[in-house]
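There's a structure below that I have some questions on.
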């Protein structure tokens, strides 16, 4: 009853694992994901600003920080269920909103309720800040899935996630920050290498030869 | 495509954690829970049989083993969401059933589809076996929550779960197996003790004194 | 002192890890393994029944559910020790049986002792249900070891385990359920693929090309 | 070599554990801590604004998000070492700054270097935003240590951390957001209870009595 | 095939957990236990030497370092099984010795076999070094069990282990190092306190009062 | 206050992880590392003795056992920081020494202080025992990094660590124990293989063919 409940709920986000049981090498929590998305959005916004766009930073940070907060109430729902029927998805979004509103009204002092109802609304929309959030969310997802593929996780789901992330980012390809990402970041990511085991032997022999 | 997908899905049940992030001392997977519920149902059925009831064992085992299998498709959905609206819950059950049916039709050979559609149906009903399943499911939940409370987990959710488990079991108090549980099992559970830290000191002194 | 001890022992099975320290990607507990073996036995029994055999389902489920329960008393003993000498193995089996009997007599009410002594006996024998258990046990072992090999675990022990599992299953190749497994399940398992890292690059380029 | 290195470094923050080996119940990463501090700072800023202060939100978010980023370079250094000698501490801060500058110059495009050098500077200063960061950082630390104490962790370090966090917050007691915290949040935190084990027994008996 | 197998086996000791599934707060591996026992033996030997005894340090270190190495071959065998019958125990010791000998002969160069056969022998005997090992082994066990009890683990096994550790140490009460332990170490251990939750509230109020 | 603090500090070494967050397959604690280094030093010393050198075993064991003990005070400091400036490194070593001395003087009885101040000194020097420690430390590091590379960890840091370990060992190539290592151990390590996935298919087919 009060902001203490809100502060306490933040540590629940440290315990919500993304795709539980699927990540074998690096697990990701909703808290850490939210942090990374906000940092990525910060960079993307910086690129947009550099290219002459006006970024509403207060709005961008609010969107990025809070974009997954309602998962506190609903937990991890497998995407296929969420989208199994348009009807279910619609109802689901409605329930999520109702629970968020109920929480704000129960725990926040009156004078801050309006502000937080606004902050916890779905952030992805057609505004510049909404588009940056959509891209930042997928950039982090792309890194998460790439991390597993690179280390050899054979779970096909990561291939699908990677593909979906790239596709969604490409929908925003007219944005300067996406152009930057495609030109300067993605190529470096794809150039990341496995350490070929065979090299080890050769390198060792060279080191030994050198010294003799 | 085929029974391989079904067998593979069993190990997904080893990775579905119950109440993820809440259990601090002993985590429980849906696979392990299903095993324990089946073992408990076996004992409860044995008590019923001893008191003259006729247990359809094949049915009882099928119900217990499979009662959480559809969580493969839907993951961990927080109970409050599930029950947030009667409408959502209804739709949710419907989607779960559709996904299960789709899976059986996609992966099982024709000759076994009928059998598995039957096995994956909701098992809790008014039959003796359905009631035993309801009780066994709550007995395991009661043990899971007691384990946390006994070790000092202050999360109020475990108190609520414990309470709900006891209440549900009491709804079946006319059953012989529930009578047995209330008379012979629950008292022993409640008599489990903390090791009082102070005793350690005393015991150590006694041991030292004895030997001198 | 009583069935509470028995119910409590079930959660000990959630904490007994199979081959501790060897599995790097997915760990398996004795509880989860018992669950999976029972589910696999259920399917194998269904195939046998379809081919005209009479399956005693009550017996089959009892054998599968309880086949590793005595590990509660003996923990994880490395196979080489167990079989280091025929004499030790013989003694070991004897001790395991004695401890199980002692437990049943100490904790179970008189009227259920006979039933549980029977249930905790070694389940693998020449009966149809005993053979199904032998196969189901190895099918799960095969999946466990394959999971590690596929993800790149270089520990030779998993190759040995895989080989031993296949060999044991082949001893029952006259059974209809084994024929089904060899024809319809094993080939799908072996067709599981690694995600070739190189594909990622190509797929990404294609996605980018498509959209331009 | 580019922003890819910067984005990759974000997931390193998911692997930096705070006080490694000390937290027994809930572990905290630098990424999750940064997220929580930013969310807390958001609330504290909202309170300040409500009381007539002008908050530079862009600056506040930048300070909060980035305040522990340089730990990427220096890892977890035990506080006693850091402060063992004023000289060492001074040198240490200097090295941290040099490594951050080197990183920005090596990985960021020229046009963004100035901006990021600014963002990665020490954020705690006498500005309103700097003070909010100082408070937010300690509020999260207070929650982290309280979580351990409440669950029974006897490690004296958490008592010390809790004490230090409260003391530091009290240094800012003239701020409206700290007044709010002391009046409305801290009392609720301190009212959090252990679940008294004895209550369980009583509650169970009541439930049983009620139903008869 | 060679010393590489021996070096590799050392990392197997990092994966052998003591009492797997029982420790809830701090898990202990056989490698870490061996390290701690050797460090404790070093201190106990230092006390003995100070009181005029002649310690054969080379022997003491060899005994302490290697005292659990044969667990590589036999894994974790529950104590009750080991001692279920004198006959089984005898056979068990014999098998352990045979496996150790077989390993040494298979992997060690001829010139070092004699030395390692000696080093891997049971180290606990009536010599001063053998007695120090017996005490050091139990001192570490005592710390391990105390750590769980202090943090609130209600598992009775830790009470039994603690008791057994104290009792065994007391059998050597004539030794100077045991006198030192009983007088100077054990009392400090028993004076370790829980942080009383109630104190938190009081302390906080005091801090607040002080500053006003 | 007393040796109890010293004994307690040993279990802190079980919680200090080496390169936290980097090892994906096998994590290593400072306690386990110290154990393995001591065991490796034991073997290397045995080789030296066999070739006519006089090993001071007491000194060698003391050096190996205690070589990382001061990390208790300083935790995990990233190597780049440690060596970022000669000045910082110098100061850092000084602080480490001061903290160790302070600890010995605070916790050890007077009569043992001299001995432990000596034991906790930096052990790597030009003596035979100092050189053996340098080699043993790197041999374990080499095994740790090889373990990750072999299992497919693409983190370049392990390649660098491996390389650095080999290079350092080669600096001592005139020692008999290093000659032994290069001739008899390293080649076996490099011959360790991945289990080629393709073999599985073939082997399975062969097994099936054989039996028909």
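Letters A, B, C, D, E and F name the chains as they come in the text, with residue numbers starting at 1 for each one.
One rule holds for everything that comes next: contacts are C-beta pairs under 8 Å (C-beta built on N, C-alpha and C of every residue); 3 or more make two chains touch, one makes a residue touch a chain.
Just so it is clear, the model here is predicted, and its values are computed rather than measured.
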item	value
Chain E to chain F, fewest steps along touching chains	1
Co-neighbours of chain E and chain D - touch as defined	B, F
Equivalent interface positions on chain C and chain F, same or different at half	different
Furthest chain, CA centroid comparison against chain D	C
Farthest chain relative to chain E (centres taken as mean CA coordinates)	A
Mean-CA-position distance for chain F and chain D (Å)	34
Chain C-chain D separation of Cα centroids, rounded to whole Å	46
Averaged-CA centre spacing for the pair chain E and chain B, given as whole angstrom	38
For chain E, residues contacting two or more additional chains	14-15, 26, 150, 152, 194
Each pair of chains that touches, named by its two labels	A-B, A-C, A-D, A-F, B-C, B-D, B-E, C-E, C-F, D-E, D-F, E-F
Complex interface listing, chain D residues touching chain E	24, 146, 149-150, 152-154, 156, 158-159, 162-163, 166-167, 170, 173, 182, 186, 190, 194
Complex contacts: residues of chain B adjacent to chain E	25-26, 150-152, 192-195, 197, 200-201, 203-204, 207-208, 211
Residue ranges of chain F touching chain D (in the complex, touch as defined)	12, 14-17, 20-22, 73-78, 80-81, 84-85, 87-88, 91-92, 95-96, 98-99
Chain E partner contacts - residues on chain F that touch it in the complex	1-8, 10-11, 13-15, 26, 28-29, 31-32, 34-36, 38-40, 42-43, 46-47, 50, 57-58, 61-62, 65, 109, 111-112, 115, 119, 139-140, 143-144, 147, 180, 184-185, 188-189
